[in-house]
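Listed after this line are the structures, all set down as structure tokens.
In what comes next, subunit A is part of two complexes: it sits with subunit B in the first one and with subunit C in the second one.
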Partner chain A sequence: MSESSFLPKSLQLSKSLKLLSNGFLSIWCLIAVFPLLWITLMSLKYPLDAFSANPLVVIFGPGTLSAGASINFFDLLLVILWVVVAFLGIKRWQAEKNLGSKNWLYLGISIGWLFAAVALTELSATLREQLGADFFLSTPLLGMTTEHFQSVWIEQEFYQQFFNSLFVTTGVVSISLTVGTLAGYGLARSGSNWAFWILMTALVFRALPHSVLVSGYLPWFINSAEWLRPIFGEATLTLYGQPWAIIVVLASINQPFTIWMLRSFFQNIPRELDEAARIDGCSHGEAFVRVIVPVMWPGVLTAGLFSFLLAYNDYLVAALLLDAQNQTMVPAISGYFNRETTSTDQVEAVAAAVSITAPLFVLVMVFQKQLVSGLTQGAVKG
Partner chain B sequence: MKNRTFLVFVGPSLFLMFLFIAGPLMSVAWQSVHITRAVYEEVETELCTPGFLTQKCTMEIRTQPQLDENGRQISETVFVGFESYKNLLQPQVAFENIKEGSWAKLSNINFFKALRFTLTFTLITLPLVLGIGLLVALTVNQVIQSLRGPIIFISLLPFVITPVIGALSFRWLFVGDGILTALLEWWLERDIAMFAQGWTIEVLMLSYRVWHVAPFAFIVFYAGLQTVNRDTLESAIVDGATRWQRLKLVILPHLSPLILFVSIIHLMDSYRVFEEVIGFRSQAHVISLQWLTYNFLTLDETGNRMISRASASSMLTMIGIVFLLLFPLRSTWREHQKRRSG
Partner chain C sequence: MADLELRNIWKSWGDFVAVRDFQLEISDKEFLVLLGPSGCGKTTTMRMIAGLEDPTSGEIFIGNRKVNDLEPKDRDVSMVFQNYGLYPNLNVYDNICFPLKVRKVLKAEQDQRVRKAAGMVEINDLLDRRPAELSGGQRQRVALARAIVREPNVFLMDEPLSNLDAKLRISTRAQIKNLQYELKVTTVYVTHDQTEAMTLADRVVVMNQGEIQQVGSPLEIYDRPQNVFVAGFIGSPPMNLIEGSIQDGQFVCEMNKGFPLSGPEGPIALGFRAEDAEIVSEGGQLKGLVYAMELLGDATLITLRIGGGLMCVKMPKDFRAKMGQELAVFLKPAACHLFKTDSGLRLNQS
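Here is the complex of A and B:
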């Protein structure tokens, strides 16, 4: 049942306008998804197919197929099954009203699901052996190879950059949420001029290009051993190239945004709640811990997602303040495209790019509602 | 809330912002008028070459870097005033070019080249982002409920993607005989090289940014559309308002605070355009202000970083931000005053 059937006749679109509107929307969806879809396809083909000017060649990969890397009907079925079940699981999780009650269960199930993928690949290989290549389900269907992913992740040890990214993002999210939640609550509950000026300054800080800030840090970070020695003694490290130094920097850069978002979230929690606790004799701190903390998790989750995106997507700060050994994933990819000499290198760069995008895809899938609420919160509340 | 409790809550955040945002800003201001360089000394040496009967000796004055007892170069930091700014802006050359009215020559100076691109980029993408965002929001609002979730999901993808990766994926579609270049060539029936000249790269960078940000505008406007007063709309219809009049007189005024919000955020973000230059590798043709600073901060061939010049370009970039935010900040301040007095 479409909602538009409830609309008064006069609010409905005429046939031609409806066609136009739906046409535009389809084109938008195609444009939105096309570049990502296409590089995913490219990453699964050998270079000759991947960079072909004929779209059909990129989709079906005849060159890859003839080189012996292929996916058969049965594999395709398993992949589709795996994706559909994962999708239904996520839908189920999103429908859950009471977030947090069964989180561990869902975490367990999703880890199990990842292992199921490995098991299914094994199963498919065994079946192919058992049934023989002549069986109709095991005839090669599409040219497809995971070789470039293997080469990127195993031979070129991309997992090291992955762990660096993991470390940096975890650090940034936890610091910026801890500090930001306190500040957001304080700002939401204080009507003083101070609060206003802090928010305005934060807005100006939010507009600063990150390169401006980094040119402030860089000389201090490089020479930090000299000026920190009187404080920490001989054991002082150089801050330049330290992942934890990046964590503090990114968390601070992210503070203006985080406190704005969390402030508008805390404003939505009725004041009566903490005032009631105050009347019962709690201090502000106690009221915060006992009354606000239990109900704040949806807002914190949303703010956390945006902190994660900032830290994960950052190129500039990590490229300037970390050296090549400790690089995170996004700046490390420039190593791939600087080297892009052979066509295999190019496809490997594409594979690395797809690897970086995949977690974001899952993120949108799981947290769509929270992302949307975060985007609209700042706007609607001002 | 008492001032002291307020400070306890806000303190840690203020500390971080002071140490890592306000502090560096002051440091940048100081660095932009100072320069750190190696100390050179003039040494007089006698150079002798063996000759017939007597040696031939000449006295020579050489400049060489002064070394400390560990054999490292000594460097000093000196006040140079506005020298770094002058190096950056090259005011004399710039004035001459402006007098001649030759824009092409002016953009030989990197700073003006970057400024030109940053400003056009900001101003061209803004209406496109607002327009496409609004169109998508209006059309999604007409679609049946069950399709809206998947459309929002698809639209969020360009928004969350890592900017460098997004720009790279656009590049791979167009580079060489990439799939979309091939399509264009087939359609226009001519040979096209998208990365051979500045303006085609600029078009790609603009379209990438619109693709990346339009979803944000769409989501915000779509949320705003849900709160349009239906009674007003229906009475407008009773009064015989056409669809266009309804859009102009009811919906757009309702959305106007959101349009302002999206514009401010977009102005701030597109003013610091940077990732596009990296992703499209456009530095030979097109550069942005933030990329200019970034480039000064990376090691050059001699193993030096031009900290002072980077700081000067940072300071100039910040002046731009002040202009950008002057208007929205003033209106917020007035609103705040009104709320306090009212």
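Here is the complex of A and C:
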């Protein structure tokens, strides 16, 4: 970063200390990123390589290579190119000052870029045919196969779990943010003693083990057909086993935290903004929607990300409450591991595990700027 | 354009009374300044006019319309806040335009009015900046432009200059005065700075502990303070107040034998301004020891210790005195103000 060159003398490190701290940092980064890197490598190899005791075998995959699944130098180049351009594009988007209507343009470009990935695979295949296997660019380099991913996503229909997860997270995030912003704003602006006690109660609920909430809701979900019938008529479903049920439970687990977090964001917004808006012609509600929420946007996004993570990574609630066909991704993966019939199944489980981290990467990359400002500044000054 | 009336306004939070029986009529196009130390209820009074607080009792009229039950947006007032209150996510243009957008003014008219308002406060070249990229003075001018763009009935200004540095304060002060003259809008201005009050106001309301102390033109307030509080609050340095008593037609106080002074017998506070007194070698009425000598450039301020109290005398710029030296002060009899010691009220009506 460029700021480092403007560090005051008092904060500058001596050469040796700098070397030491950078060395430590790199080792730490390696350790932190290792599990993710390793399962990614494993998921791309045949079981023979993936479970080898020799790490070099896992990395280069000679067994996979000899089985005929490989990438060549040219493929590797294309992959690197694709990733670098995507990264630069995101950087560019983040640096844009007045986005406004340009957001749609960027959305279009990113969808186009996903299609470009398909086109590039085709291009690589054609080139291999044209140049022949002897040309240096098309010599097989590493053993690599996408077979396990195909098997997981297409044959075993992992996309169903993906859509279940999508449904649950969307539900949890929208409920958490709607209730959280309204409650956070109300509690931040209210001078009443009740506000304090509501916050304290929320804290207690936050401290409860998740399984307590689940067992509290369980009888109601099982009997839901009976008590919901007067409202929804004969077609009422039993909530137990449905994604709706875990949306309710996860939202209630998550709600105290979002309320607390959003409240502290709202407290950092000067009351003068509400007042200025109201004098400028807004009603109370309009002032909230047109002035306060736009200023709060980084905070809303940050709270939204945490809600998303909770819902996305939840294992306990989903495992306890959901039917097999409504399973979300995380409990489904544990299902893959437990199956344990062949070693191929194991690698498929690893491939599924790798798959569910990808959306998290995309999310953090896209909202990086807003998240950082939401996490660091907190205060929004006029 | 409207006049403004506050009838018997009270505001209290629990036991704490912030504003006590506030009664005032403000005429159309008047520049009224609410002046007082912090916590005196001046800002609360203004917020009640704006509709940001509800009075505990009493009635507020804007242009003969009772506004007690109206939302701030329906009162047709605009306000400039101490901390500017700009919308940080909007650029300057959109900040100024916001009141017009909310009130659904025609698009074509919006642009023309925003540019006119921005021109009046000279920020035309800043329109696409964000508030965070502006200096304090520029931000305050944006806030002013946002207030004038709507052409409201009443302007409310809550210590708009207190966050600016001294030099900028003087130029912005002149700008506000000029704007009010050009726009001819009734203005209520809250400040704790008496210089601002003096320079801007058509009429000043001095407040203390929720009560009106005196209402009058800046000159009246300066020349004829109605009580000890106003006397001690207005003026730089404030009026000298010397506790003593009148016995047999003579004013007696610590360190002084007495000099003839007409007034009721008994304990009394004698007030006079630094510029109405003079240090003389002969014929002075009051004696004191030099406590401090301050050079102001255009004058020299001599502070004398007189018993337990201090008094200030303004002398020509080349006047010098030794510390601790005993000096005699001559008071112009016509410039003496007498106040009751117990109630603090003014005694002589001259």
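Please note the rule applied: the second predicted complex is superposed on the first by the 327 of 382 C-alpha atoms of A that agree within 3 Å, B and C clash if a C-alpha of one lies under 4 Å from a C-alpha of the other, contacts with A are read in each partner's own complex, and residues count from 1 in each chain.
Keep in mind that, in the parts below, a contact is a pair of C-beta atoms (placed from the backbone, for glycine too) under 8 Å apart; a residue touches a chain by one contact, two chains touch by 3 or more.
Please read all numbers here as calculations on a predicted model, not as lab measurements.
Undergrad: Where does A:286 make contact in the superposed view: on subunit B (first), on subunit C (second), on both, or on neither?
TA: second
Undergrad: When both complexes are superposed, which of subunit B and subunit C contacts more residues belonging to subunit A?
TA: Between subunit B and subunit C, B touches the greater number of residues in subunit A.
Undergrad: Which of the two partners, first being subunit B and second being subunit C, lies in contact with A:22: first, second, both, or neither?
TA: first
Undergrad: In the superposed arrangement, does A:270 touch subunit B (first), subunit C (second), both or neither?
TA: After superposition on chain A, A:270 lies in contact with subunit C alone.
Undergrad: Thinking of the overlay built on chain A, is A:278 touched by subunit B (first), by subunit C (second), by both, or by neither?
TA: second
Undergrad: Just checking: does A:295 make contact with subunit B only, subunit C only, both, or neither of them? Give me first, second, both or neither.
TA: second
Undergrad: Should A:68 be classified as contacting the first partner (subunit B), the second (subunit C), both, or neither?
TA: neither
Undergrad: Give me the intersection of subunit A's contacts with subunit B and its contacts with subunit C, in residue numbers.
TA: Common interface on subunit A, subunit B vs subunit C: 283, 380, 382.
Undergrad: Within their complex, state which residues of subunit C touch subunit A.
TA: Its residues touching subunit A are 50-52, 71-73, 77-79, 81-89, 98-99, 102-103, 131-132, 139, 146, 150.
Undergrad: What does subunit A use to touch subunit B in their complex?
TA: Against subunit B, subunit A makes touches at 2-4, 8, 10-11, 13, 17-18, 21-22, 24-25, 28-29, 31-33, 35-36, 38-39, 42, 51, 53-55, 58, 178-180, 182-183, 185-187, 189-190, 192, 194-196, 198, 200-220, 248-249, 251-253, 255-256, 259, 283-285, 288, 309, 312-313, 315-316, 319-320, 330, 333-334, 337, 349-350, 353, 356-357, 360-361, 363-365, 368, 371-372, 375-376, 378-380, 382.
Undergrad: Which bits of subunit B are touching subunit A when the two form their complex?
TA: Its residues touching subunit A are 1, 3, 5-6, 8-10, 12-14, 16-17, 19-28, 31, 36, 132, 135-136, 138-140, 142-145, 149, 151-158, 160-166, 168-170, 172-173, 176-179, 181-182, 211, 215-216, 219-220, 223-224, 233-234, 237, 243, 257-258, 261-262, 268, 271-272, 274-275, 278, 281, 289-291, 293-294, 296-298, 305, 307, 310-311, 314, 317-318, 321, 324-325, 329, 332-333, 336.
Undergrad: In their shared complex, at which residues does subunit A touch subunit C?
TA: Touching subunit C from subunit A are residues 270, 272-273, 275-283, 286, 290-291, 294-295, 297, 380-382.
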